Amino acid sequence: MMWQAARALVGRDLQLVWARRGDAFQPALFALLTVVLFALALGGDAESLAPVASAVLWLAVLLAGLLSLDSLFRGDAEDGSLEQWMLAPVPLWWLVLVRTLMHWATTALPVILAAPLLGELLHLPRAQLPVLMASLLLGTPILSLLGAVVAALTVGMRRAGVLVALLALPLYVPVLVFGAGAVAASAQGLDAVGALLLLGAGLVLSLALAPLVAAAALRIAHN
Amino acid sequence: MSYRDYVIAAYAVFAAIMLWDYLAPKLQLRAALHAVRQRAARSANRVRATNTELER
Amino acid sequence: MNSSAKNRLVRWFHQLGSPPTFDRFAARWTPWAYLLGLLTMGIGLYGALFQVPADYQQGDSFRILYIHVPSAWMSMAVFALMAFYAAIALIWRIKLCEILAMACAPSGAAFTLITLATGSIWGKPMWGTWWDWDPRLTTELILLFLYLGVMGLYAAIDDRRNAARAAGLLAIVGVALLPVIRWSVVWWNSLHQGQTIRLLGESSMDASMIAPLWWMVVGTHLWFVGSLLARARADNLRREAGKDWVGKLAGHESLEQAR
Amino acid sequence: MPDSNVYARPLLAVRGLAFSRNETPVFGPLDFAVDANEALLVQGGNGAGKTTLLRVLAGLLRPDAGSMDIDGRPARHDLRARFVAYLGHLPGLKADLSALQNLDFLCGLHGRRPAQTGESAMAIVGLAGYEDAPLRTLSAGQKKRLGLARLWLSPAPLWLLDEPYANLDLDGITLVNRMVQAHLRGGGAALITTHGAYAAPPVRTRLLELAAIA
């Protein structure tokens, strides 16, 4: 039953992405724009860009995720799909988990795939790239899962706007710190494995807890 | 070396915010009671909708 | 928590939780809490400003800590209390606890703001800069965002009960994440800046300097009780605006004011 | 359709159910019951709380007081999920998907009766030929019919229909009545809200009149 519902939801989300395939590139495009603006503001030479490249990339990915956060549940809330989820014979947290992971795969994953390219634009030292990719792969799902709680809490509002950012920012701090910190540590010649392990532990914890909290928030905030 | 200005500034900030902390709920309370009274006044002289022919 | 203690707690909230009862309770005790808080803080402030000698290292600037430290403690304690009320409200659906949890937020935000402002004013002579990304101040800043988020969420949802429950859930998530945030900030600070500056030296304060601090701690707690009751009472009245007892109360108060 | 006598009587029993929003009572306390093979027509003017009642029964809102039994057992999430099919104002259809894709997703979520296909259900509700049409090209009445097709495929015996006649033409109103009739004959039950403007289906019907409070 759970797998059947998950398969239906995954299939539907893929169909929806395909139906609006032009929009699929928007988060990556936004990240690219952020990177370009940073490069222009910083002067564009390698000496000033390289030291901040990993931090800017992390920030670009985080902001792109924040931008697409509102679309996580809003569409389903506005057309009544969410009500059908709540009435389904599978637990709501399961659907929330599947939906969040699909949302991550369709919005955050393209940005991560573009990260090496964006790194080149910022003169990111090649040696930092593996750690950066690992930290992004471990960190962005946590951002999506924490973001799911925020998106669920604000789903009942007509326009959540800056409130989403205000609610998400404190929750994102540890992820950003350890994600960008892992790269910074490896750049300083320190061991990045510790920070990456912490991110991994955070991912496991948020995989287990965030869907439950987000489901509870959906039941409260959506009516 | 004396930091008297900084001390005064810090205590002024403290006093100002505490004053706000005192006044804000007081104003809220007044607004709530005011709204209740207004509501009572409205319901006292409300015109009931009727089923008769509309005129204008 | 064992079940009999739990039951007693729930029963107590239910009894106090009838809106007219709570209104009478709050109206009676709010002035006392404010007054006692003011008195206690007065004693503490007198000691802090006039009795305690200047510190040989920090000069007079350490007097700022007599408001900074109690506020910092309050900012944390109020958040924990807010999450505690929110948890009771979510589990047993007690309306009074929703109101109390939401009444915590503005006071807590006020204490957080005091902590940030006084910390920054203290930092200017001590560190030579208004702001330093010191782990304490950084955590305090994030705490302020959390408070603002709770208040913003409570204000943004139309249905008052749903709004309180949603904001309460955020408060609980915040309390669960605060240690992680704090720990991450400390880690980040050690990564980027090495040594951090201690706000209070380990044992540089002797007993005579400690006493006013305790007066201030007790005073801010009492003051907070007053402002919590006042806010909760206002929210309670706003929610119950249509009820008969509120109408009678409003008429009664207007008579008193006219007199 | 399930057999006539498989469910306990009553299929749905409600005692003392009340709901309020922002401290203002919306309806209740209500007591009523619905047996299998029976329809309950919930009538009342605008703002009487018909939609809210159905949402509470569906489990989307939590009542302030009262209890609710389904098939003789206290209603819980898993029991509701097996017994209740809810068709509200918003049918939960995606504008970017085709009619059949929408139907397939909802059936994947809720399950479907054996020996039924999306195509056959669409033919029954008069949407044959629209299978691959993007939903956004369908009219409001056609979307309503698609919602009815989803209901037709659902294995749940208790239908909660919120204003099922809205947006439908005369033919569509007859369709709703025929579907309800067939569903009840098969042992199901239905709660139907209406502000009273349309003819009720010719089935054993109880009436619940909701009056606006205050």
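Here the chain labels run A, B, C and D in written order, and each chain numbers its own residues starting at 1.
As a working rule, a residue touches a chain if its C-beta (ideal position, glycine included) is under 8 Å from a C-beta of that chain, and two chains touch if they have at least 3 such contacts.
Bear in mind that the values here come from a model prediction, so they are computed numbers and not experimental data.
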item	value
Contacts common to chain B and chain D (chain labels)	C
Which of A-D and C-D has more C-beta contact pairs	A-D
Cα-centroid distance, chain C relative to chain D, in whole angstrom	48
Centre-to-centre distance between chain D and chain A (centres being mean Cα positions), rounded to whole Å	37
Centre distance in Å when chain B and chain C are each reduced to the mean of their C-alpha atoms	21
Whole-Å gap between the CA centroids of chain A and chain C	33
Per-residue multi-chain contacts in chain A, two or more chains	223
Multi-partner residues of chain D (each touching 2 or more other chains)	none
Sequence positions of chain B contacting 2 or more other chains	none
Set of all touching chain pairs, with the criterion as stated earlier	A-C, A-D, B-C, C-D
List of chain A residues in touch with chain D within their complex	1, 4-5, 7-9, 11-12, 15-16, 19-20, 75-76, 78-91, 223
Contact set on chain C toward chain D in their complex	159-161, 239-240, 242-243
Residues of chain C that touch chain B when the two form their complex	34, 45, 49, 58-61, 63-64, 67-68, 71, 106-107, 110, 113-114, 117-118, 121-122, 124-125, 223, 227, 230-231, 233-235, 237-238, 241-242, 246-247, 249-251, 253-254
Chain C-touching residues of chain A, taken from the complex the two chains share	149, 153-154, 156-157, 160, 163, 166-167, 169-171, 173-174, 177-178, 181, 184-185, 188, 190, 202, 213, 216-217, 220-221, 223
Complex contact set, residues of chain D against chain C	21-24
